[in-house]
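Alright, structures below, take your time with them.
The following pair of complexes shares a single chain, chain A, combined with chain B in the former and chain C in the latter.
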Partner chain A sequence: MNEKRYVARSTAIAARVLGNEMMIMSATNSTLFTLDELGTVIWEAADGATPLDEIVMQKVCSKYDIAPEVAMKDAEAFVTGLAEHGLLLVSDQPFEQAKRLSAEAK
Partner chain B sequence: MSVLVAELAAKALKLNIPLSVQLDLTYRCNERCVHCYLDHHDHGEMTTAEIKDLLDQMADAGVFYLTISGGEIMMRRDFFEILEYARLRTFCVKLKTNGILIRKKEADRIKALGVETVQISIYSHIPEVHDAITKLPGSLEQSIEAIRLLRAHGLNVVVANVVMSQNVNDYLPVRALAAELGAQFFVDPTITPMMDGDRSILNLNVDEAALREVFRNEALVGNVEEFCAPPLGPDEDALDMLPCSAGHTACYVSPYGDVYPCVQFPLPSGNVRRTKFVDIWRDSPQLQEVRSITLRDMPSCSACTHGGTCTRCPGLAYLEGNMRGPSSQDCEKSFARTGIPSENLKAKKAASRTSPLQLVQIQGLQPAAQNFAAAVPEDMAVTA
Partner chain C sequence: MPSVTAVTERSSVVVKIGDMPIRFHCDDPAFIRLIRERYDGYVSSVTEASFDFDIELAPLGTESRDEDVSVTWNSGSWLMTRGDFRAEWNPSTLRGRIQQTMNPYSLDSVLRIIHTLLLARKGGFLVHASSAIRNGRAFLFSGVSGAGKTTMARLAPPDASLLTDEISYVTRPDDRYLAVGTPFFGELARVGENLRAPIECIYLLAKGPENKIEPIVGADAVRGLLGNILFFARDPEFVKLVFDAAFDFVNRVPVRRLTFVPDARVWELIV
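Now for the complex of A and B:
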């Protein structure tokens, strides 16, 4: 994929690190999720301004023994899954606060 | 409790993380419920800045579930500023309110801020009964209107029904009302002593026959036969059980910054105005003592046939004088549920049979009083 993808944490969630994993609860339906260590790394880096490929390279491939292509493919699937549950917002543009609020309203 | 929630609770216990905190913002209230365990004065509530700092500390300590309660939370003018900050720190927030001050504007904000649940107490479906308990005319109508508004916004609402002598016949109609409003429902048949130890409100508790009826209602408890089955007595595993989450993965913070194991367990364990929250959580001798107690350490309960299945509240036991002792209210519930008296109830009955006939010897005061004061265990000193 050539297009940059930007990911931002939704504000309609509750989240906390517990040990080495992340607990996330959706405020829309109270469903509870947990992320493993790698998922937590991506979640915490999802600031809406850093492209996903940079997150994968800087936070995942530099610290874990995973091939970039594999890591990117897994990360794409991961953020798509979280976006389907409304936990992450995904865009081909960096998120601004107003844009983020607008995307959530939808 | 789902498997995932149970796993997270077990992990928090292992890591010594305070997963849940109830934070009371104020004891002030616009109702004056006859059974309330609080006074309603402001003895120096934490400021907005102090509460925000506490929220930062609690988030850093790992607190996930935050129950914001009171008093009536909306008596604080900074309530929404505090709520907004709590959500900014990504707590999973549950609110306890009477709903009297909730209009459309407030419901809009609660929805926008992503509150997980709002709990509102409804004591009766009959206005005269509910309003006599809250001592606020028109309160039932206003609380129901708040529930309708919150539900119309798609928020989860829980209707809590505390059963007492005044409303003993109303829990099923209130359950039906909750269902009609699209709210969840739970019933609590326990009136607890006031936080200062005053036990006078316990006379509002329902009698054993009424308790038995609650516990044998299939609509409330599910499988009655299973729920009311005779206990088997605690096995080895049960003897190592922890009493409840109080002090283990949960605690309570008062409007004045005092930390306790639970809102029903007023054992002073520190104050966040003097000590960091996480230091109180990790190092408070009082919380460490609470954590050290298992069923095996409770002389009466470990020998009781209800030991492994009882709902014993350590806070109520503490308010009775000994956090390692039985909680008589829970003994009474176990008896109403199963028909089998606890060791504590049997001992009390035996004592009541013999004590009027005992010869009481009056002793000299000086040495006895000194010895007694020295012998009182620390956990019997109810100072809150």
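Now for the complex of A and C:
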């Protein structure tokens, strides 16, 4: 059974980095969200092809002094929150477009 | 056999805000006169227009009280609706149609929506702000209702040219941002002067015990500006355009907080 979760940025958003923060605006309701440095790292890595646990290990735990289980729990909550606002898409399968792009890159 | 042919010539008027002349046609000449009066100072003497809108008048009292504006993109046209109007606009054919009662404020709302859509493609926007030109430079005073936009306009000294007390028109013809006069007014009930000037600064208004100016930078500046930009369309592409415009504006124009006591001395700081 595949328990991995894949995350992809929604296309119905506008996003830009300013300093260490990521500012995201929902195209659905024009609500503005700001991510901190760690949130920005996960956001930028959410390519739809890389499982969340790999993102956490490679992008978070390797660079920040955070225990893996704590980082994973925080990342799960973070991803769920953004998904509820429609900013991130979450799936137990890699996203099709991401798979195509990944194959083309190889 | 002698015959008589009745020819009804439709009345029309061109309203030019910013650099965008829009022609309105209506079978009722009285409504065209009403538009001429309402947009005095913005009625163009030339007949060329970028877009043409046919206005169909419905009897007064037929409008609904629904206050929610809906702006959607569908099959190549923008559809704009509220309880008191329904408008369609196809940017490709350069034509549109407005159904409303004989109320110039409905047309005002349609015009605001059209200009937000047009400006977004050019890196500009409409923003809740009063604005004035002083010494050849434009100053914007932005905030939500009650923040002091009209107060700042009322307190403006005689050497300041008032562009609007309610909705400022920000355009980007080149690397600069310009503020342009608009006929959109608030409590002051006076159309702005049809002038333009490079924007020196945008002030986010706050009332307080003393007059002071503080810089606002980074994400706070973007947040402050975006909170006051007029958004109607929920279309992803449009949202991205406005979002990018706000970032670019903040990178080029200083954003400051103006805390002020509502009397004329606050304008001593605006130079």
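Here is the rule we go by: the second predicted complex is superposed on the first by the 95 of 106 C-alpha atoms of A that agree within 3 Å, B and C clash if a C-alpha of one lies under 4 Å from a C-alpha of the other, contacts with A are read in each partner's own complex, and residues count from 1 in each chain.
The rule is simple: a contact is a pair of C-beta atoms (placed from the backbone, for glycine too) under 8 Å apart; a residue touches a chain by one contact, two chains touch by 3 or more.
Just so it is clear, the structure is predicted and the values come from calculations on it, not from any experiment.
Student: Following the overlay on chain A, give me a clash-or-fit verdict for chain B and chain C.
Tutor: Chain B/chain C on chain A - steric clash.
Student: Answer with first, second, both or neither: which of chain B and chain C does A:Cys61 touch in the superposed model?
Tutor: Neither partner.
Student: Report for A:Thr11: first if it touches chain B alone, second if chain C alone, otherwise both or neither.
Tutor: both
Student: Quick check on the superposed pair: does A:Gly19 touch chain B, chain C, both, or neither? Answer first, second, both or neither.
Tutor: both
Student: A:Leu32 contacts which: chain B (first), chain C (second), both, neither?
Tutor: A:Leu32: touches chain B and chain C.
Student: Which chain A residues contact chain B in one complex and chain C in the other?
Tutor: 11-14, 16, 18-19, 23, 25, 27, 30, 32, 34
Student: Taking the touch rule as given, give the residues of chain A at its contact with chain B in the complex, in rising order.
Tutor: 11-19, 23, 25, 27, 30, 32, 34
Student: Once bound in the complex, which stretches of chain B touch chain A?
Tutor: 2, 4-5, 8, 11-12, 15, 17, 19, 59, 62-64, 87, 90-93, 114-117, 156
Student: In the complex, go through chain C and note every residue touching chain A.
Tutor: 218-219, 222-223, 226-227, 231, 234-236, 238-240, 243-244, 247
Student: Would you tell me which residues of chain A are touching chain C in their complex?
Tutor: Residues of chain A touching chain C: 11-14, 16, 18-19, 21, 23, 25-30, 32, 34.
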